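Below you'll find the structures, each written out as structure tokens.
Each of the two complexes below includes subunit A, the first together with subunit B, the second together with subunit C.
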Partner chain A sequence: MPKTQGQPGMLGRVTGALGRSRELTLVALIVLMCAIVSLGAPQFLSISNLDQVTAMAAIFAIAGIGEAMVVMTKNIDLSVESTIGLVAFLVGVTLRQGDLPVPAAWLLGIGVGLLLGMVNGAVITVFRIPSIVVTLGTLSIFRGLVFIIAGGKEVNLSDLPAGYANLATDTVLGVPVFVIVAVVIVAIVGLLLWKTRFGRQVYAVGSNAEAAAILGIRSRLVTFAVFSIAGLLGGIAGVMWGIYFGTIYATSASGVVLQIVAAVVVGGVSIAGGTGTVVGAALGALFLALINNALLVLQLPQELLQAIYGAVILVAVSADALLSRRNKGQAAQEAAR
Partner chain B sequence: MTAPAVRSRRLPLASLARWETLLVILLVGLLVAGTQLSRFFLSANNFANLTSSVMEVAIMALPMTLIIITGDIDLSVESMVGLAGAVLGTLMLAGLPLPLAIPIVLIVGGLGGWLNGLLVTRAGLPALVVTLGTLALFRGLANVILGPTVISVWPDWFTEFGFGTIAKSPIPYTLVVFAVLAAVFWLVTHGTWLGRQVVAIGKSKDAARYSGVPVASLRNWLFILSGVVAALAGIILAARFSSARNDNGTGMTLTVVTVVLLGGVDINGGKGSIPGVVLAVFVLAVLQNVLRLAGVSSEFQGIAVGLLLVFSVIVPQLARQAKAALDRARRGRRPPAGSMAAGEINV
Partner chain C sequence: MTGTSVRRFVAGLATTAIVLSACSSSTPSSAPASQAAPASQAPVASVPASVPASQAASAPASQAASGGVTAVVIPKQINNPYFDVAFKGAQKAAADLGGTVTQVGPSAADATQQVPFIQTATTQGVGAIIISADDATAVAPALKAAMQAGIKVVGYDSSPAVGAYNVFVNQADTAGIGKGLANMACDLAPSCTGEIAVLSAAQSATNQNAWIAAMQTTMKDAKYSKLVWDGVVYGNDDPQVSTQQAQALLQAHPNLKVIVAPTTVGIVAAAQVVRAAKKTGSVFVTGLGTPKGMVDYVKGGESPEFALWNVTDLGYLAYAVAAQLAAGTIKGTEGETFTVPSLNNGQPYTIGKDSVVVLGPPFVFNKDNIDQYVASFGF
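Let's look at the complex of A and B:
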């Protein structure tokens, strides 16, 4: 990173510093928003409300981490919401029939998520088809499978073991279980990307696939692995979705791919591939969950939510583009000097 | 000018002609299956039904074809369908006559498309993310405008336009709209410099810019066009269901993109034809009708559309790979990997 010698000005320096670390920007935004919202509605910062928000944020963070890895390789997975819906429904039906003990049903669900991710990865890499097309297709194929399993009936909370839904808000030493799961996954995937050869390959494939190929990286294998991991994490998110809501419909989790991609983009993972961190994606998920909750506690109309998400996505990517253009300009100035 | 501009120079013309032939064969096969399933299949009534059920998708597929040829994509169309219905219904309830409200709705569509185009061409953002953002934004605006209200009282002439047919013939009014639009798109895309410029952008934006093609403004106008046409589709949908709800059109983008790719348009840009897409529209319409006649419920049809999308891309891809393998075999060994772009990598 070249050192700037021009006079970027106060504003330039601040945005430059924030732009260099999207994670810091998000932490600042999250703190700022909590402060403002709690002025209008003190119950925003109550323990029970925060438990609710963080449980939801954890689900989106886990799915978002998978999506972030996919986006880092310059791909996209639009089918993840159907994976979540399918796994949540499947686990619910299995528990309703009582065939399997609870942990086995969860493992089954996570395994199905992995399988769906492998299907995406295989079709994309074997036939060399753009991921957007494949996952747009599997988005509706996987959802169709949910309708087949459902056969017009939903899974009700009363069908599930007693106390099942309480897991969503259970805490260990005051920390919600869901948050612990999310933090552990952030740590594992973060280390995987940061410290291992595979992690560097993920970034290499996303930033320049041809150069990666010349360096001997098997980019299709990396892509396949990334989609498989995204499926696995989608499966975990699906299991947690089922626990959180208890009642699961065939259409559950429809449309949440928007929120997941938004979390990733807001978290600073560039859609152009090759950059970003999973911590950013997780913070992005938390930020969006807080917006959602803020509307609730401030008693603003819920109808605003989607419009706000749309605006947040557009602002985040516009800011990315502006900052990267400025950095490029500075680098060019430096090179010319 | 005999060869349409949109055909790729690298592939022989015959291979694209074959794609459209394939669609015709598929269509005929489906028609035969339909007649086997029900004796009402070939009735005028059924024809009117099956065509009018896909006309919104059909008209949106036309600008989407050009957008995908330039290498962009517009995922926001389904939300514009909802927003258009919401604005139209609200203006009508406010006492504005429909003939005045409709042009306003089309302008709203154009403004929405302009926002997409501006963010893609001026801010240089990827169309995928921009239109994913406006997919949420437009739907959100529809939610804000309409809330949970359903507007279901419309003038008779308006609902008649939505699903009625011309004077007892089996031709729906909306099919006429589609036919006129398709003819214009066909002429412009395959017969004018504009169409050639669109293809040039899809093949190489830089090369097109250096050849004097106004790349940014053309891409921008295509997004505006897509917005206007999506608003028109929203008006038609509101008329056909005689209802404006905030979730009108949800999930439609998938079908529009499916039709375009099934029509032989390359998702990577640079290649595609309007006649192919028109054929794909009818393949989809007949397929949905046949599935319904076969007793497949509408929920499972999502699987059919998804599979159709994936296969319509796998098949040409396999053909391309086979052809490349054949070329390699003919030419002998391919050059060693190290010989290309050596020294161009900055490590």
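Let's look at the complex of A and C:
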């Protein structure tokens, strides 16, 4: 970055700081985008809008955190959207039948998510099949289970306890409950990765599996654990999905794995494994949710939306890659250590 | 097995009775026939119970042939409650007429995924394909190939391209739905004044586009002159995308009064967004929805009224038309008439321009009648 040296002023310091942290880059991009969009559409920053948009982003952030951990180990979980769909539907059906009180139904859903993650992890590590293949299979299998449970029916809001869906936009001290849940999970998983031996093992397995093995890291156990956690978080996201939408279809959350992986990648978690943070993944989810909302609010031609959305993702990732290229090598070395 | 054969026999008798009553005279006797088989549909089977077997045996071959057909129903998407209820109607018709019907289709509403199902049905040599097209033109070549192979193609719900079907069974006349949508928007906007926006399904959804166009045509009338058109957004019949679109509508148009969503997924998503944004009472949602999906929002005040047609009857009529095409009693040409005893009060249907048959006018649900339809539709 020769330019930075040439201009040691404010701008130089800002770009320097941005280059050091993907998370800061994203925060800057988010602030910049909000400023630009609110010029064109002042309502963009209204509280009721932000509550709804950030509550949905929270669901993707939580699923994205699980996906980020998987990607850090140089794996991928394509089945997460079916986990979300299955858990959302299962919780809905359980509540429709009145079998369990609400908190118990949620726990059941989260437990099922964990179980699905363990299935992924077990098949991948025991049979040593690439995760992309295994989760491509379970993507269909888990969705197939939803179709069996659903039997052609959806869960309607009238099937659920009164006021159930209002939980999604309830706020505590002005912050949506869903956002608080996401922040707590970011903090817990972030600390787990940052401060614990297990966390260092996750990065080690992803950056250099052979070196990790020499160091005595049981990479298959780490991989199994990471998929289990991803399943658990997918389960939490599934419970929240059901609450947020209130109406749950057998096809609910179909196709969202692309959005989740996009959040992870935009958040700076390298698809090559070994780097990234869950804070980045969560910010990536927030960024994409805001971009999506902004594009709609600006009333751009409907047929252009998808292309623009994709272009924005590419620009965001490339801008960051340019800013952080200098630091990337250092980060990889650090993770491998 | 015996149950099936008895059922077939009874159904065969029923068909014979229907055909006999229909053929005996083309004009006045259609009224008594409709009384014998009223709209409740069930009594059809009870009619032939009193018909001696000898009469059935003496029925001419051409009439016996106009019973059932082996048909495949290809909805836009399987595991969709709407299409499943339509399929129930088709199953009922198949049982009444003595044919068989199965449903296959893609798990996501995607036209390219519909094509293999059409090709498989063609290879299997079914009697008829009954299809709701995800995309009018994308499925057309495969459907034309099926027709060349002698298979009768009946469109329902969403039309394939003209020429790629024998008959299209329209759930409601496009103009009728457009008028219904405009009227509901006018009802819900205070003094029929203010901004309205449309939340549709896919940009390529034939039926949605036609209804929206018809709605705009209706709104040229002076009665609607104070309604301001804010435009159309597309939710792709995806709950998440529909939700995001509805959220953006509320922000982009702070003075919005009514969201019109002529799609069962979109209307629910929009109503939930209005509730979550705490705009109940200032923004209303209407369009086409299912009673069970909407009951909470009708009572909650987000959607005081919305419309739909009788979905079971749609599936029933589509199968009945397929059976008549297969039997050769109709060809699908404009101006032909035919009766389906349990539908339309027994009155004849007329095949219109582009070989389209209309099921009937849409029906409006509100807080006074919704509970009853939640129970009877079950979706």
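The working rule: the second predicted complex is superposed on the first by the 282 of 337 C-alpha atoms of A that agree within 3 Å, B and C clash if a C-alpha of one lies under 4 Å from a C-alpha of the other, contacts with A are read in each partner's own complex, and residues count from 1 in each chain.
The rule we apply is simple: a contact is a pair of C-beta atoms (placed from the backbone, for glycine too) under 8 Å apart; a residue touches a chain by one contact, two chains touch by 3 or more.
For clarity, every value in this text was computed on a predicted model and none was experimentally measured.
When both complexes are overlaid on chain A, the residue A:R143 reaches subunit B and subunit C alike.
Touch criterion not met for A:V264: it reaches neither subunit B nor subunit C. Using the contact criterion defined above for the overlaid structures, shared-chain residue A:L290 touches neither subunit B nor subunit C, since it reaches no partner. Once chain A of one complex is fitted onto chain A of the other, the partner contacts of A:V222 are absent, as it touches neither subunit B nor subunit C. When the shared chain is aligned, subunit B comes close enough to touch A:V123, but subunit C does not. In the superposition on chain A, A:L193 makes contact with neither subunit B nor subunit C. Within the superposed three-chain model, A:V134 lies in touch with subunit B and out of touch with subunit C [touch as defined at top]. Touch criterion met: A:E210 reaches subunit B, while subunit C stays clear of it.
Judged by the touch definition given at the top, the superposed model places A:S318 against subunit B, while subunit C stays out of reach.
For the contact definition in use here, the residues of subunit A common to its subunit B contact set and its subunit C contact set are 143, 147, 250, 255, 303. Chain contact summary for the complex, subunit A toward subunit C: residues 41, 43-44, 46, 48-49, 51-53, 56, 143, 147, 150, 152-154, 156-158, 165-166, 168-169, 245-247, 249-256, 292-293, 296-299, 302-303. Those residues of subunit B that touch subunit A in the shared complex are 73, 119, 123-126, 128-130, 132-141, 143-144, 147, 246, 250-251, 254, 257-258, 261, 267-268, 299-300, 302-303, 305-307, 309-310, 313-314, 317-318, 321, 337-338, 341, 345.
Of all residues in subunit C, those touching subunit A in their complex are 77-81, 84, 107-108, 203, 231-234, 238-240, 243-245, 247-248, 250-252, 254, 265, 268-269, 272-273, 275-279, 292-293, 295-297, 374, 379. Of all residues in subunit A, those touching subunit B in their complex are 76, 123, 127-130, 132-134, 136-141, 143-145, 147-148, 210-211, 213-215, 250, 255, 258, 261-262, 265, 271-272, 301, 303-311, 313-314, 317-318, 321-322, 325.
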